[in-house]
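Shared between the two complexes below is subunit A, which pairs with subunit B and subunit C, respectively.
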Partner chain A sequence: MFPASGPVNATVIHRLHPFSKMGVGILFSILALCIENPWALAVMLGYMVLVLCTARIRLTTRQWTMIALFLTVIFVLDFLASQSSVHAATYPLRFGVFLTAMPILAATTAPQQMTRALSRTALPAGVVMALLLVWRFFPLMTEEARQMRQAAMLRGRTGGNLPTRFYRGFLVPLAFCVIEYTDRITLALELRGFTPSARRTCHQPPRAGVRDVIFGFLAMGAAGSASFLQWGA
Partner chain B sequence: MKKPLWTTREYVFAAMISAALLVVASIVIPFTLPLRIPGLTNAVNGLFGSFFLVIGLIRLKKPGSLLLITGIYSLICLSVSPLVFAFVLIGGIFGETVCTILFKGYHGRLAPVCGAVLYEMGMFPAAMVLSFFFLPERYQELAPWIFIVAEIAIFTTSLIGALIGLKVARELSRAGRLQLEES
Partner chain C sequence: MIRTRDLSFRYPDQPVQTLDNLNFAIAPGETVLVSGPTGCGKSTLGFCLCGTIPHLMAGTLSGEVLVNRKPVFQQAVRETAGDLGFLIQHVAHQMFTEQVSEEIAFGLENFCIPEEQMDRRITQALELVGASPLRSRRLATLSAGEQQRVMLAAMLALEQKILILDEPLAYLDRTAQQQFMELVSNLSQQGRTIVLFEHRRDVVHQVPHRELFLENGTLTRSYPARTRFHRITDLSPKTSELVFDRVCFSRPKAAPLFCDLSFEVRQHQSVVLLGPNGSGKTTLMALAMGLIKVDQGSISTCGYNPKNTSPATLAQLAAFIFQHPDHQLYLPTVQDEIAARAADRDAARSEMAAMGLAGLENRHPRSLSTGQKRRVTLAAALARRPRLLLLDEPSVGQDDHSLSLVIKRLMTISSTAEPF
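Showing the complex of A and B:
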């Protein structure tokens, strides 16, 4: 959802331990599902917007418009269904927290940071490598998929009806693309001496520091305020 | 050195299938989720998800293949939400358990189709149970027939997707890019 921003040490958010970011993301995502008070959700969303600004993630006008449009559609549909503006406001706000909590933190974590953090866990080396490949190749594959759809649209109606065009113009090329990438990446990994049976070594393992403690306390503060608005007031 | 359960190529293939599942979900979900029809997102996503899963399972064949693909996919989904992680993983475990008991792997053509369909069908009840846990007031009013209709829709679309996947696997086999067993 959010573009990866800046180099590894661009801001204080980028320098946080990946697992402390993940912990806060999980806490916010779960809490957002339990909370129904729109003000409490607004506090959580406000905290995530603050993180977004601190991490200097800049969205384009088009991206902001698309997000606003998406949340407005949800608000309108919810209002039509419930006839309650409070209920209708709750769902887009919850969705907002849901769609910012983990993705912002993921966008500020460089693949090499994630590799170092994951290499300290008990996950098999092959799974860690597979996760990094998905992380790295998802944007490339999305771009390929976009180009395939554009090419199919340029061919127009000559390729049969819509399902046939979608099948021939998108699904089959994407399946071939998957096989093509597999062959190339496997060869590249094997040439670099990668083997799933050997544990990955790490020159600079990430360590939690003071900034992680402060980030955690601030997040707990926001979560506590939201909980108080929901259950305490 | 101990021989690993999966080779580098198998890990890479599982990762690429997971990436394809993510690409498809990123296109389909934004269009279907705002409509808020129970099971619609799963039904539409099942059509394309099972397509790639069948190709992945035909290639990997070993018991645990579905769990490998869905495990990688669910760990990536953890960067979206822990809830998505949970129901993707539950769907994967369900499909894998049934297929391991019945077929002991993904040899032939029935097992990959069965695995993909069971995964898609297993995800929806898991998502509903988790949603009910967090939002009981919304989901307690959901009539059972809606759940059954949604499951039938998911079964139908994911079966169609899986059969299309099987057809493409044959084309890939003819092109010499995938080894397909005759059964």
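Showing the complex of A and C:
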């Protein structure tokens, strides 16, 4: 959803403990499911937009337009179905909270930070490393797919009908890429001394600090305000 | 430091030995070049030295490899990795993190180096390779040469005594190649044992103390003379086939890659595009083929504007050979691949012969070596009889023999008035 923004320690949001961000993301997502008051949802969305700005995540005009268009379509469809502007406003706002809460975490947390945070839990090293590799897998495969698409564009419509071209020109090379990637990763991990069963140390493990407390309090404040608007009266 | 005794290896389902009875020793502090044509067994030898054969790769193995007097085949790869660092050809495949310092720390974490020692080791390693300013940079923003340096620093931080470098120059531009070889020379003078796997002997010949030449899996004493490639001569240029007129292009959220770029390539002319890694050579070709669109200015490829013409239409007149041939191979046999869009049957046959692919007609293209794959993509392109040929890094992964076949064919095309 959001592009990865800046270096690992670019902003205060980047420097937060991954579990703080994860906790706030999960809290807001669950709360957004329960809340039906649009003002309460607007408070939560406002907080997430503030986090977005603090993290210096810049969206292009096209991205803003697409998001606005998507939410407007939801509003209009809901309004046509319910004939209630309050009800119609609820769903786009709820979507807005979902679309920001967890992706902000992903965009401001380097895979290595998350791995280090997870390595402090009881999860086995093999599982933690698998998460790191999955995180790296998608950008690499996106790049491979881009080049395959370019090769297909140059080939045009030769080489059979569309399903055949898709199978031969995209699925088969992609399958080869995935297998080669798996082989290379296994090899590279072993060569760099990684063994799932061996103990590892941790360079600069993430530590919760004052900023995490402040971030948590502000999030609790926003969540509390939203809850009050929903249930307080 | 390294000793092999009667080392032989054969991959499953292969009729011949990839390595055949190798016996050699490498002393501490020695720098050894292991050269030979592609497919001669260089990489396989590297995998045996670091223990990935037999621990991760299957095959019939006999003999022994000792690294620091320890039998490699009897200990885990991780234990061998404590003494021996292996830098694979495409270093990006060996990276697991996002930032330079974290990448170096990754190896230290795996070897359980205490946290309080890590920063010192990272600093020292980066200083050794002259990459201290890169410490906080994101790996994705580094050039290929810088990535090589960082990965070398990752090995040096582990204080491994032996460094094995598998074709480290493959993806580097000339300046980066020179800088990297100077770095290897410095490390050699500091007493590191370095084994360099490289088929481009002309680039590295000044650094190593000794050369082992592999041919068909065996060590030979007769080294072939270094190939001298002739310059491709042009005939008098005629009509323009590729014109860039005041072209500007920039990637999203990045500084402009080109601005007001103008040049012209005429019929029968051969032009070499030189530039450091990341300077936009591939992008320029993609622009010419309409795979990406220019921001400003105009391009004419064989008389068509790529902005308004589909890449498939342009590909009927011009051919673009990618740097990585795998992305362009999609049919089950070499013959199908070359004949698929060939002008006629004779064209396919003659290009296959000219590229030294006779006898490989029924092989699956992906089962070939990198050099052979490149020649298949080139033969497939030439069989279409294009007016314009765009080759992206044609020498990568090619040994002297393979490259000489390509250059010979290009010379024929370029020096003939009506090549097709």
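Note that in this section the second predicted complex is superposed on the first by the 200 of 233 C-alpha atoms of A that agree within 3 Å, B and C clash if a C-alpha of one lies under 4 Å from a C-alpha of the other, contacts with A are read in each partner's own complex, and residues count from 1 in each chain.
Everything below uses one rule, namely that contacts are C-beta pairs under 8 Å (C-beta built on N, C-alpha and C of every residue); 3 or more make two chains touch, one makes a residue touch a chain.
Here the structure is a predicted model, which means the values were calculated and not measured.
Contacts of A:81 after superposition: subunit B is touched, whereas subunit C is not reached. With both structures placed on the common chain, the touch criterion links A:112 to subunit C but leaves subunit B unconnected. In the superposition on chain A, A:232 makes contact with neither subunit B nor subunit C.
Look at A:176: by the touch rule set out above, it reaches both subunit B and subunit C. Looking at the shared chain after the overlay, A:198 reaches both subunit B and subunit C.
Contacts of A:186 after superposition on the shared chain: both subunit B and subunit C are touched. In the three-chain superposition model, subunit A touches both subunit B and subunit C at residues 133, 172, 176, 185-186, 189-190, 194-195, 198. Interface residues of subunit A, counted against subunit B in their complex, comprise 22, 25-26, 29-30, 33-34, 70, 73-74, 77-78, 81, 98-99, 101-103, 105-106, 124, 126-127, 129-131, 133-135, 137-138, 141-142, 145, 167, 171-172, 174-176, 178-179, 181-182, 185-186, 189-190, 194-198.
Remark: subunit B residues 1-4, 6-9, 11-20, 22-23, 26-27, 30, 34-36, 48, 51-52, 55, 71-73, 75-76, 78-83, 134-135, 164, 168, 171-172, 175, 177-178 touch subunit A in the complex. Taken together, the subunit C residues at the contact with subunit A in this complex read 50, 52, 55-56, 76-78, 81-82, 85-86, 88, 93-94, 96-99, 101-102, 105-115, 118, 136-138, 154, 158, 252, 286, 289, 291, 310-315, 320, 322, 324, 326-331, 340-341, 366.
Of all the residues in subunit A, the ones that touch subunit C in their complex are 7-8, 60, 110-112, 132-133, 136, 144, 147-148, 150-151, 153-159, 168-169, 172-173, 176-177, 184-195, 198-205.
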